[in-house]
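One chain, subunit A, links the two complexes that follow: it is found with subunit B in the first and with subunit C in the second.
Take a look at the complex of A and B:
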């Protein structure tokens, strides 16, 4: 596993640098910090906390659906749970987790001393916290939290009680926070790279984040605009979506999904980047098809802007519109297929070992592909009329988010924890966490395909008795999956406290220093790294 | 690179990116008229013209029969009575017909209400012409007032052959509070 400690003298000189000083002492360090590693840590812990908050909401949903009939919660609260689960997971867990990884890793991967705009970096984190707290506060308001689904479709969402303006302002805050994060990432990648780090030598994680950041600044403002229109419709007598005043509720769906489709790629592109970083190291081969990976990512990002109406095949579009969005959507399978092929080809005849990060990455390739295939099924407009708003789509997007984005975030944590903490995590518990997760995630989501095909609608607290068996199995899988994540929490805390006690080398994983600059600096990574840019860069990742 | 250069480069890049953000925020709002323009040009969405069509004389196609159905509903249980006096009519394309709708204010206060039409299938909407309709303007009702309101329409003989039934649905919205 870990190889001989590799010495890289030129980077051990960080303590000679005149800027070098340690972190501030005490709690204030975390509030005022502008250090990319501190902010990355804050983002990652915050995302982990929100992962458990959003996960608890999912447990409420699965408990209620364990049996037909109303057991535990009121239907209104159930709908709040589905809505808040999605909003918390998307804006509180997955996106911040990737921003946290970007903060930690991008400067270290491109040989930069820090992010380009450190103070803005601090501000975007605390704005995220404010946004999520504001969102969470709606749970305690008169009329309850928003319950119209994370898509916030009018006219239903306009029936939200006192919580509506708070939810909308929270979306504004979350949007501003992620736009600032995206601007910072673009500025860092464009202006802070080590001279030797040309664009086409950047690790794929950096590339995918660059493209994701452009998606963010292009679509978050559109979403902010859409929810602002909801706000003025409700409180200022405008009629953007109100038919009585000449508006049209379907217009909201068009604007929302113009944001929403790129948004789902915002959550998956960095996932691709991490997978492309981890798989070559454990296959002990260079990544297969580096430049095709870059072009595929860019193509997926471009296509995401022109396929939005495949989320609304049933609103009564003309046949020409249905056909256009159907074929455009199918096109996405091509660059995505290139990626899956490249990951498989990277592993082909590689000297593979199966440490926890690699296990999560391999299961990502397999299970993400399954989620991709159901996506292809739904792109077929006439079939989609059957799948629309059923558990089939719930199964589809959870396959592309849980065993894809979440699994890769887990893989990333196991992969970089030794670099962050200087300690090795407990491999046995890591693997137990993996096997419990991968089995239970399939027990959880696979039966939902059957439920959806049989016609069970999503976002309902009660259902017809013929759906009872698969729902019970799905719920059991859900509880096992939820409980297994506590193992991850244990591993993280244990590793920070010293882990196995094993001394980790600078490169941690065998020959990792050939794959990325972050493995050429000491473990744990010093508070300041690359205050002078590295002169040579590894090339095994391209 | 020296620090001043870098700061200048960062400032320029950030300014450009902020401009993109502002432009995209505007684009979100620009989608509203763009979407209406697209619907007008293509006649999609079952959106019906909000103004009266000119009374054009069409050749009457007596050999063809199209069923027109009339549906009425109330938005968010507006305090009204609203019904169509004709539920279903078999028409010849090109001939003008008049049907009556009855609406009544069930409150003791004056009411302003707006009826919103919708035609399905949406692609047939452009062939369904109304020369007179209570839906073109807001309707004011005195307390407890009820009245009969006519709709005069014609189905354009160019209606493609596959359409045998057209449904005209009206929803009354109570707009009193927003006045």
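Take a look at the complex of A and C:
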């Protein structure tokens, strides 16, 4: 990926040579770069590294839960692992991976020379690294890493040892990073599109990221405010979350989930965008219902702001609140159903082929739908009293994150790696990676539904013996899933080094150039693309 | 089309990563300080100083580039969008604290007093507590500690706060007056307007410092005075911090104006500072109504 390519753009007659230069040599290039492709690469590699760090923590969790009783780790450390696994995966892996994709792809998809604010782009990446460094440092502190769950609920989280202020400032830095990244994406999409690229011609990945960026700017400051109040409650005598002073610990939960619910859509909306980009190419059909996809995405984003308390049905809300949040939550199923219908209809009677990106995308449609249905089950407030804080919720959100967000990130990597590197990945290993992942992810998470319905609580290092069988099966699935991801690491490195050795064309996938601008430029993509905007744009995707 | 041909893309940026390192050092130092570690304070100060110097370097570079005409209209739009959405994120940040004030006044304090779902809470936890506002809670917290009959005096609206309201509103007018001066190329009006705005800004901060001093020394009103003290100081404190930042930004704009920067058709930094200032102004009006008056 570090190859130096002389810029050429055969579709562009008004070429400016003064912009054409390749990347600098040496390590410093990566530290001071303002190039959207370099920064995208940094984000993606960072996210991949964090995926394995967070994954290792998950392995610790599954190893401890392999059998009842305490085997390997102290309960306190176990709770640190569940907390840190979540924080690392959410803020270190999934979100940065999608920002990396946005950096790489949005300028190329809308015909822009780069992101709108390149220096700030550099800063948002390094803010992310700074935030994760602060977070990771807490693992080695007196009192251990935060262990109160990624939601950081008071009063429990205020019992954290020396790690507490570090974790809080880490959230501030991660928030600054996300807000700067989101501002950049909005400015890029609104201000840098090629003239022919009207809003309703934008690829859906661009649309979903535009909407996601609004969510980020709206809710990251809310999380920052919530943890700031934790900080002052702990160190400056305030009583926001202390009933003795007239505050309320439930207030934290409301604020957290006002952030937290949009946050989970921040991780899923770009997923929808990538799926809507990949499926039409391999179904060899235009996307079914382009405009309804745009409106459904916007509707989901809007609804995400008015459903937060469905995470807190058991906290003791007035009955009117329970009812309102129950019905509002159910509404989300409508735009989501529109999307699943559209993906299915796109594939209907398509001339489909099943390369690795398509396999991951199809399994996303099926398995995400399952995760959605369990969500619908839990939206029913009286039922949720049974499911709350059990392994059922763990199964639910892992279905919406692992075989959905993570699978689509895999699909995106396989789909765009040839464009990024100029090499073809090894299809056989890619498919092996897919099949191992899709089978093991179900062995890993499906039994957790049963455990939850039978009453096994989450965030517990030990459990009653009646839960032993399904936990062992779940752990076996987890180990296979974890090991399978090493295949992905191999494919990525192998592809960068030359892959199968065959020269990939500009369009890479059959007729892909009809679906997106990124397939009209050479593979690998030159260091600078669209220094002058393209005059015509493909429209097969709408 | 022509605007697209010359979009300015900087290559290599050393300031952002250094500024990030400074900010991270500052926050790591702050966390160490809160953990009573002796390296905390020096680390904080070092990191903060480094952060500020790096930001100053970055902004100097931006203003030099701007004055040498490297930015076209399209770049200007990107900058303006950036500033607008940054201010939107700030609005959401303040919304958290306003929301907390609303929640405690209208829900959690009445529940503690036995209203609605709080009947059992009152019965079993603090049966003597009657909901009222302002409050330092059922445990009558003073400096964060429970007391038998600890009282504090809430901050009234008609003394310094009213004066500060007038000061900030006036500063909004002088800021706009300076902008009109800039647009009409009346440099004298621009500079005078900015001097007045910055002076009023710092006057506001001074009065607020006096108010805080009074609260702490004479009224028994501190961060530890229960939920009233918490919301009062959190809201006014973060606002005061934003006034300081806004006044510093305006000072930089004033300095640049005195050096002949900005043209009637191109003065992004002035606009950004003015927007920020008006935002701070509007937040204060919200504070005056919801924290002081109601």
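The definition used in the following text is that the second predicted complex is superposed on the first by the 526 of 542 C-alpha atoms of A that agree within 3 Å, B and C clash if a C-alpha of one lies under 4 Å from a C-alpha of the other, contacts with A are read in each partner's own complex, and residues count from 1 in each chain.
The rule is simple: contacts are C-beta pairs under 8 Å (C-beta built on N, C-alpha and C of every residue); 3 or more make two chains touch, one makes a residue touch a chain.
Predicted model, so just to flag it, every value in this text is computed and none were measured.
Contact with subunit C, but none with subunit B, is seen for A:34 once the two complexes are overlaid on the shared chain. In the superposed three-chain model, the partner touching more residues of subunit A is C, compared with the other of subunit B and subunit C. Contact with subunit C, but none with subunit B, is seen for A:169 once the two complexes are overlaid on the shared chain. Shared interface residues of subunit A, touching subunit B in one complex and subunit C in the other, are 116-117, 179, 183, 186-187, 190-192, 217-222, 224-226, 229, 237, 240, 242-246, 248, 250-251, 254-255, 316-318. If you check the complex, the residues on subunit A that touch subunit B are 116-117, 179, 183, 186-187, 190-192, 217-226, 229, 237, 240, 242-246, 248, 250-251, 254-255, 258, 316-318, 321. Residue ranges of subunit B in contact with subunit A, taken from their complex: 6, 9-10, 13-14, 17-18, 20-22, 24-29, 31-32, 35, 42, 44-47, 50, 75, 114, 116, 120, 122-123, 171, 173, 175, 178.
Listed in rising order, the residues of subunit C touching subunit A in the complex are 1, 4-5, 7, 9-17, 19-21, 23-24, 27-28, 30-31, 34-35, 58, 74, 77-79, 81-82, 85-86, 88-90, 92-93, 95-97, 99-100, 103-104, 107-109, 111-112, 116-117, 121, 125, 135-139, 141, 143-144, 146, 222-224, 226-231, 233-234. The residues of subunit A lying in touch with subunit C in their complex are 14, 16, 19, 21, 24, 31-35, 113-114, 116-120, 122-123, 126-127, 129-130, 133-134, 137, 162, 165-166, 168-169, 172-173, 179, 182-184, 186-188, 190-192, 194-195, 217-222, 224-226, 229, 231-232, 235-240, 242-248, 250-251, 254-255, 316-318, 532-533.
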